[in-house]
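Both of the next two complexes hold subunit A, though its partner changes from subunit B to subunit C.
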Partner chain A sequence: MSISAGSYRYMKDLKAEKPNEMVTNGVLSSLQNFLRKCLIAILSYGPMPKHIAFIMDGNRRYAKFRSMQQGAGHRMGFSALIASLLYCYEMGVKYITVYAFSIDNFKRDPSEVETLMQLMEEKINELLENRSVINKINCKINFWGNLDLLCEPVRLAAQKLMASTAGNTGLVFSVCMPYNSTSEIVNAVSEVCAERKELLQSEHAGDCNGHAANNGVHSEISVADLDRHMYSTGCPDPDIVIRTSGETRLSNFLLWQTTFSHLQNPDPLWPEFSFRHLVWAILQYQRAYPYLEQNRKLAKKQL
Partner chain B sequence: MPSIRGNVRVAFEFSLPSVCGNVRVAFEFTLGPLRLQEAFVASEASVFMNQPPPHMSRPSIIIKLILGLLWTITHLAISFLNLWSHLIYSLECYLISSGLLRKYQNLHLGRLKCLAIVVDSKEAKSTVKVKQLLCWLSSMGVKYVCLYDIEGVLKRSFEPAVNVSRDRTAGEHFGIGANIKDLHRSQREMVIDCLSGSDGKEGIAKAASLLCSTYFNGDTHGDGKRKPAFTEADMASALKAVGCGGPEPDLLLMYGPARCHLGFPAWRLRYTEITYMGPLKSMKYGAIVKALYNFSKKHQNYVLQIRYTN
Partner chain C sequence: MLLLSHSSSATTTHGLAAAPPACSRRARLLLPRARAADTTGVGADRAAEALLQSGLRPESLPRHVAVVMDGNSRWARARGLTPADGHKAGGRNLERIVGLSRAWGIRALTAFVCSRENLSRPMAEVDYMMGLSEWLIGDNIDKLSRQGIRLQVIGDTTKMPGSLRSAAVQADEATRHNSQLHLMLAICYSGRWDMVQACRELAREAQANQLSPDDIDESLVAGKLATSAAGEFSCPDLVIRTSGELRLSNFLLWQSAYSEFFFTDKMWPDFGEAEYLEALRSFQGRDRRFGQSRLL
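Take a look at the complex of A and B:
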């Protein structure tokens, strides 16, 4: 592929350079790419995760430690996100999910929420206009969450991006925004109820006797019914959940889907998360894989 | 041209002495039938060798063997690193339990209202270890413990020991059974709540069924809105009503071969700090003290604010 994650980060930091320096940097960059591909080939010998979820924690701390402006940390975080996306694509990871904005985050300082919303709108519009990254990885973008809570410009931009990438068959990139696992579960329950109600109404229309027993049968909801109505329906459960900056909470993220996910809490802040951290994460996953896979198979048998 | 048929299995195994007994390091990998598993590797191999990608060519076997060897060496190196850090960790735990490290001597457990323990179901069968763990926690002053394992082994082993039957409202105290003698000796009453996989997703499904039937009974003529507007508070009440309510643990200690929560009830896991403790068979008193100490030092952004507003 002509655009690699290393090149993306490199291009973002590019300043005016002399021709000699550019050649040297170009050679170094090619060497880096080659070494990276070798490392990926070695890693791919073992089991590779199909779905990785990221909780992108540490943007504000990153800005604070470097005395940057408040929004600058989130911008650096966005660059780290695109780089990680491209690295994951190179490694053959098919599904990436990120926790971009929690419903609880609306309780933050309004100016910060406003900055974040503006950043999201800007980045979504950037992706809509300049489709090089999306097209290279044939990315399908989903937005998981209660989109009605977003302000109109952001919601419309998100819906437009989802619609324009709906037909893509490559990497599936799901952005959880604004999202809560508990609100996802409640949403699924509401949808199952609505579905059952329609079924009941259509049966009631056909049969005028309206038995109470039918009500009982229709109100029995199973785990599989709820699974079908989660935002993540169609995606496999995450193999790895990575929360950066060393925090150990899940903060209401994918609680339903992470029964057998390997939870990892690397110390680097999200803008510092890079290829070597991703490699380390996958190596840790490969060591836990036999146990996780055994448990998943056992759970499937019991269903 | 010779070709390898069937699977070839390569295994390395050796024992290393350590402070916690012999540590067995075992590694094995299988060279499957010679179809290159990853398309990426196949394409790189053919590009590298300047040949079309045949399935059984010698260069691809050699590349596969080299990759396998490098992968195994990488994981062996990580195993050695882990062993080394495990030795240091064991030493630290020994120092903590012998009282030599002053900062761990006075634990302030004011913020720890509820502690959860998640155990791998196979390891949970060792009830002696679990009882020992509960004794330690009781002696440290932990007031409320949720025991969880996905298959319900802990529920079957420990629930009969509890005196008062489970009450459906959250936060009800019930006594400790006479079987757990050590806990009586510690003179501190500790509440033990036993959970299993059926309190997780299945519990949520039961609560959903309750909400659904209430919704149907309240609106039998179908004149209401298309989609019911349930809230998280409705769901929380429904969970309490079906017996899956309970306090949210502040800290969760995971005992098992790998770091995952194994389906701990979602409604009680939202803001819980999760600490991985390793296998139950090598549990250490000092490790628990360290985990509780680290928890007491943590600063949570907005969690307290969120909890009190919900």
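Take a look at the complex of A and C:
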């Protein structure tokens, strides 16, 4: 039996129970799984997104509203993340990208940043040690961002996790941390410029006709060149971008890649995001799909 | 103003069979002179009063508003009109929004008129809209100059007809020193194109050894974007998209990194003063943190 998101939360909350209660809970859980599978099967008759991106907003407000300690909201958010990952896997979504930490977030209170870094290191190491979730969904994990800005323990853990899952061929899970879309674009522009300069220098060295080589620079750089140097190269653009907590902005997330994505901003805070919210998101996507697809085709003609 | 709907439902060329040259008499017959939005004197005072009565604080208004003017054709179809009528209505509405923006002290307004994706539409439709755009720009230069509005056309000039390029250059030269409101019309524009052309400029400079690729940073890239002429107002604080579509459609991608989005089901010709005030009230209520904690 594959690990379902419902089972994941169930196992996490398991307490000492009487045998009768255990049987009842087991039956309810099985029924829940069956109903979820039925609903996913019905959804699958319509177009399903291949790539969903999440801006996991609202963890701190969740903790504040419940008078929880600093960091507790983010821990609940991590549980919601794993659950959403497994739901998406069941639905056949191939790519999941999450905005875990923005470069701008470094400007926050140092104690909060420290708490977040410790949480990230702890969870990455948990995934490295207990590979049940990763193995079940054959997950390949990427970290997109300027990893040099991370402290060494977190950076090393992230690199180790990327290396250990590099050969997996199932769901592709990309974690943006620490990330800014404008930094990603600057990095791509810089690499393209360096690539062109190197190309022309090597042409100069090997070719007497320098004038012809010069004219090629600006006419050759294209969208595809920049695409190749983005962190997301090889991944399709997100079909849906979901920002929880009702905020309606991208906050410097995947600006290049979300050109024709369906933007959604549900009101629940990220730790409250559940299966029914994901189902509703996909239903909205399916409703807008004809317009989205036509615009993508028009865009491709102009590239 | 030219308004090529960004919705995929605007696919007909009904009513656009004759593509009038920009300044021909036939064009003037087809395009009744739009009623100018009164932005001076009594009209401006009334607009300012409406702002105060709506509970908006002038200091909380966005400095730069960007609009994706979607829904003209659907608006026309719902009324049994032609798409051309929808675009004319959209043009009149843009004039109204420009006037309101100026009266309310908004410093920059960017309107998404025609995307590069729209160029894939039937040639007759595209030609007609380019002609319409050129005629309206040329016809409004004097009025804009009187009102202190700087008009700039941003977009891929290689995709524009020569006459439209000339009209854009003329408008830019005539209004360059105006400072009340910086109006940018995005024609044949796309966010990805903007970043590619910025990359080409920087590559050219790197090739000429004017800079090293390692020196390229966010300010250098931003300085090469089409909106850079707006200086400190080059990034929109608020992006409004009408007609219920929930996407960016390749508009001001870099510049909208921290923009607040406002999506409304109203079609663009119906997006009037009340709707604009609603968008501004929504903006006033947003908690903009720019990635940081809220200051207590």
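We adopt the following convention: the second predicted complex is superposed on the first by the 290 of 303 C-alpha atoms of A that agree within 3 Å, B and C clash if a C-alpha of one lies under 4 Å from a C-alpha of the other, contacts with A are read in each partner's own complex, and residues count from 1 in each chain.
The criterion applied here is as follows: a residue touches a chain if its C-beta (ideal position, glycine included) is under 8 Å from a C-beta of that chain, and two chains touch if they have at least 3 such contacts.
As the structure is a prediction and not an experimental result, all values here were calculated from the model.
Participant: Does the subunit A-based superposition show subunit B and subunit C clashing or fitting?
Facilitator: clash
Participant: Based on the superposed arrangement, let me know which partner A:250 touches: subunit B (first), subunit C (second), both, or neither?
Facilitator: The answer is both, since A:250 touches subunit B and subunit C.
Participant: Check the residue A:274 against both partner chains and state whether it touches subunit B (first), subunit C (second), both, or neither.
Facilitator: Touch status of A:274: no partner.
Participant: Looking at A:112, would you say it contacts subunit B, subunit C, both, or neither? Reply first, second, both or neither.
Facilitator: Touch status of A:112: second partner only.
Participant: Looking at A:79 after the superposition, I want to know if it touches subunit B, subunit C, both of them or none. Which is it: first, second, both, neither?
Facilitator: neither
Participant: Return first, second, both or neither, reflecting whether A:287 touches subunit B, subunit C, both chains, or no partner chain.
Facilitator: first
Participant: Please work out whether A:260 is in contact with subunit B alone, subunit C alone, both, or neither, and reply first, second, both or neither.
Facilitator: Touch partners of A:260: subunit B and subunit C.
Participant: Now for A:33: first (subunit B), second (subunit C), both, or neither, which partner does it touch?
Facilitator: neither
Participant: Tell me the contact category for A:43 with respect to subunit B and subunit C: first, second, both or neither.
Facilitator: First partner only, subunit B.
Participant: Of the listed segments of subunit B (7-15, 25-33, 61-69 or 295-303), which one clashes with subunit C in the superposed model?
Facilitator: That would be 295-303, the one stretch with clashes.
Participant: Jot down the residues of subunit A that show up as touching in both complexes, subunit B in one and subunit C in the other.
Facilitator: On subunit A, the residues that contact subunit B in one structure and subunit C in the other are 104, 107-108, 180-183, 185-186, 189-194, 196-197, 200, 218, 221-223, 225-226, 248-252, 255-256, 258-264, 288, 291-292, 295, 299.
Participant: Quick one: which bits of subunit A touch subunit B in the complex? Just the residue numbers, please.
Facilitator: Checking each residue of subunit A against subunit B gives 37, 40-46, 48, 92, 104, 107-108, 180-183, 185-186, 189-194, 196-197, 200-201, 204, 210, 215-216, 218-223, 225-226, 248-252, 255-256, 258-264, 283, 286-288, 291-292, 295, 299.
Participant: Help me check something: in the complex, which residues belonging to subunit A touch subunit C?
Facilitator: 60, 102-105, 107-109, 112, 180-183, 185-186, 189-194, 196-197, 200, 214, 217-218, 221-223, 225-226, 247-252, 255-256, 258-264, 288, 290-292, 294-295, 298-299, 301-302
Participant: So in the complex, which bits of subunit B are touching subunit A?
Facilitator: 29, 37-38, 40-41, 44, 64, 67-68, 70-71, 74-75, 78, 150, 200-202, 204-205, 208-209, 211-213, 215-217, 220, 222, 226-232, 234-235, 256-263, 266-267, 269-276, 300, 302-303, 305-306, 309
Participant: Using the touch definition up top, name the residues of subunit C that touch subunit A in the complex.
Facilitator: So the residues of subunit C in touch with subunit A come to 6-9, 116-120, 190-193, 195-196, 198-204, 206-207, 213-214, 216-218, 221, 245-250, 253-254, 256-263, 286-288, 290-293.
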